[in-house]
């Protein structure tokens, strides 16, 4: 059968049956219709996006100013946009799962198969393609500004990191259209994900999306670490760095050292599946326990990677909106470092129940509880920061309030789980699910949302609408509480995680409460979209071009909003910890320098996009066994990479007079504007210039 | 609900704490006992006690947050010009000592308790009991549990009976993907893995029927992989053994092969069971003595297991049933 | 840059090479011809590998305790700490599990 | 330049001006990458150790059947010598001896690298012949995951040497070329360090 062989050679194991639309037509159950609807949404979303860009006539701009850009600020924004697109899917999946379980007494409307695909994609997307890109995007935007640098150390590598993250995200999205995603959870334990038990493309999708994105993250980690170590403005010693930068440094170290175990685990699993290796198989000496071990060697540091930068955001916003210096700067730094290092010593607490001896469990149990000490110190330091402050209840502070209350509860349940004897009971139950949403949502998500509100005016030159922001924050806080507190009780009642349905009628009332909470969360999401829309519409009256809407304390507020391509006309000379606050108090701020100099900036390049597209094709080829395409895509990546090393001129110069003109125009604006006091902060009078209403004179009491 | 409240027999200083935890469970009024907060054996009771202890100790560090945060947000609000304002105050040695010291001490206390309880409740450790211990070999299958009583020559699917007050010593493995066995009202869980043997000990100090389950996701039928653990008087247990012997069918390579194929307890009850066996449950009388050892040893013999011979795998073919009735 | 310096550096590389050679030959000879108990052999093997690690870092990669900027040296030491935690932990955990599953 | 050394390991020296300063971030970044790679190798080693027992061997060929110690010894010597010759190339660059000596030493290193690879491939072929393939056992999977991974790194290093020889000719000794050779040197020496681990743990340790 020549044609058969040819299609096989051309298309591998891809076939018409891989399209989810067909089963939905043949057998229109609710479950299939939901799947087909999701696929349709992806297609329509893509078409809509393309149409919108065409309508704007923005293809050229998109390519020239964004996709090929090496500017850390644009790359940061692209990371965030990517994460928001993925978030739409992750949230909807969360909501669908809650709906399923609300009506899951003896069934529900989804097949078990479909439900397991949902929690697998939801977990994978939320961790790898929502939380991580949001954090990396935020750090990308803010860190060079905070340390007074012009860009990251390796701008092209930065672009490639983004490309690889986008590749992973694209693969997860494509899995809705072609074939099916894994059903093995975000942890993908073999042998369930091994070839014998799951020969289809699902686990392969998981492997390649996670492995490729993980590679990108490792590179981001290297980039952040080197940038923070080597690109700081003169005078910015390590112990003068803003806390957010410190937390990104610690997160970067985790990226560099915690991603390798993931790479090893996924590639070993791939070797088992593709090349008949026996790392984790049932037979011939494979040892699945090593997979579990390797995965959590990555997995535990990973979740702290997510939360540590969120701690950084709270450190910045709480100090700013309390109008105070941060209490216990050194303590906070040491606590962050302690958390980062300890995060590498506790991974076994995710499998206390595997059968190792009591002594092993004890060592890792105690190590896990030790993390409560530095975390507690952080909480207390922030409390001491608001103590004797002048607190403005802006949106970030509402999130901070929610964080104080809810995160501490999540931490408490974490401490419970760190006790092996308790973990024996609640491991793998909804109690665990409640724990980690209880630390991730009040910690990571609230941190990111408050960072979003705090830094948005820096990136776009106008503030977000305050009223809608407050409503969103409250909906989040209550929605979260209603959704996840019932799950603690369900966990105590022994309901396993990842259950599509249950038979105990006692679960139902709690499930309905959780369903109500999920509805609130979805309306929070709606409210945040409306907030953005309203803010864009009213951007004239919300504009803060002068750059300092919140009476900020750190360097990123010392430049215009949005900042120029080169960030600072002249690199700042740092003299104090909260340098910009110090500068404002001592009248050093907004000074015209003696002289302007030429600035060298990196050129645009299409390398990142080439790598992104080819590695997406590579991933698809591997998932569907299309070997010629895999070889071709690898070849393109290698050639593009080597060709790039033959490009000698990679920078361009911005002449001093251009810079001088731009800077003088901004300074003129500053001198013409009237500074505002903090009670006018949320009104249209705020153009981004703060009056010295809250003086930094020691012990002042007005 | 009564069941839970009537069990409030522990010291009163814990009562308050426990109530605040169990208010969450107010709506939990199922007949079946399925929570370690309503324990029926010493291990689960100790686990609950430990949970309460951890909760109580952490409150020392956590209550100040709950109380002080709202007070401070109110007192130091922007408009309150009467409150003291110290914008440059950023360090106090004593405060720092307290901040590091208190959590440190608490974690120290909790660590010693963790140490003791982890050793005491090690699932591999036999539980002291007056009754003679019962040995059970547990095989996790897709999606049911097989319990072999090697000393009694019987086996069951999805029903684990034992005399009240006897320590049940389980050897646990699976013949498919990884699973995890737990009877919440009696003790915690342990993983079951192919080719490996883990151990779990449970003991019930009252009669009753308790939910047991697999908590480790293992495929489409995962939610159906439940069983009943029944603690009964010794007389009842003897009678139960006799009933299983009388109503059971032989457990040999063929019937085992059909058990091992991916199906729920209810489904195998349809094909192999008889009306004398409870719903979703199977009884076996003549059990091949080396069955458990074979299940375990198959994976470590150094030969490849093709997917046709791997229960749970796509493409598994149960051994041909010579003279089977289907 | 003076010739003297050049000679000095070449000598450094040669010293390193000689030491590394020695530290390879000893364990090799020990495994092939030595009939010592396996504990002694393992200790010598480990010792020689560690020594050679240090020798190569010192003479080939020019890492030493004096001349470096501190933050960079810390990177290397920190990596080795994490390596020990991760690899050592893996061997301990998986070994312990293996023993308890027989 | 106040600091003769700006970053750990090889330094070009202050008289190289721009190249020396550029190397500060470039070489430091490369060190961070190497440390990340070190963790990958470390976990492969750990996996190998946990597999080197009767369970992991699963009755398949073991170290005694599969390894050819003489060949491994020769490979070790070759790789060690290549580290020395790369060192000579680095010195020639540092002391500005001109392109000739640098090219010469790099070519010697390349030849040694290729010799190492061909010996290793010969050993692999022998293992395949006697059935010591990764599909035979967990232990062999761990071997085939680790040692060829190192070989792949060496192959990449060889390719990199070739590219640098081309770039030296086309661009001359511009700062970019110098800093790349510097990083290539770090890479090459790092691979020798990993090989010490392979030699000691994979081969000698398994046989002792």
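Structure notes:
Order of writing sets the chain letters: A, B, C and D. Residues in each chain are counted from 1.
Keep this in mind: a contact is a pair of C-beta atoms (placed from the backbone, for glycine too) under 8 Å apart; a residue touches a chain by one contact, two chains touch by 3 or more.
These numbers come from a predicted model, not from an experiment.
For the interfaces B-C and A-D, the C-beta contact count is higher for A-D. Averaging C-alpha coordinates per chain and comparing to chain D, the farthest chain turns out to be B.
Averaging C-alpha coordinates per chain places the centre of chain B 49 Å away from that of chain D. Centroids built from CA atoms put chain D at 35 Å from chain A. Rounded to whole angstrom, the centroid-to-centroid distance between chain C and chain D, based on C-alpha atoms, equals 15 Å. Taken residue by residue, chain D touches two or more other chains at 28, 32, 35, 39, 43, 47, 50, 55, 57-58, 60, 137, whereas all remaining positions touch fewer. Counting partners per residue, chain C has 79, 82, 86, 90, 94, 98, 100-101 as the residues that reach two or more other chains.
Residue positions 229, 257, 261, 283-285, 287, 289-290, 294, 297, 354-355, 357 of chain A are each in touch with at least two other chains.
Across the interface of their complex, chain A is touched by residues 21, 24-25, 27-30, 32, 34-37, 44, 46-47, 50-51, 54-55, 58, 61-62, 65-66, 68-70, 72-73, 76-79, 81, 83-92, 95-96, 99-100, 102-104, 106-107, 110-111, 114-115, 117-119, 121-124, 176-178, 180, 182, 184, 187-191, 193-196, 198-199, 211, 213-223, 226, 299, 302-305, 307, 310, 312-314 of chain B. By the touch criterion given at the top, residues 55, 57-60, 137 of chain D touch chain B in their complex. Interface of chain B with chain C (complex): residues 124, 193, 196-198. Taken in their complex, chain C has these residues touching chain B: 100-102. Residue ranges on chain A touching chain D, taken from their complex, read 153-154, 218, 221-223, 225-226, 229-231, 256-257, 259-261, 263-264, 268, 271-272, 275-279, 281, 283-287, 290, 294, 297, 642, 645-646, 648.
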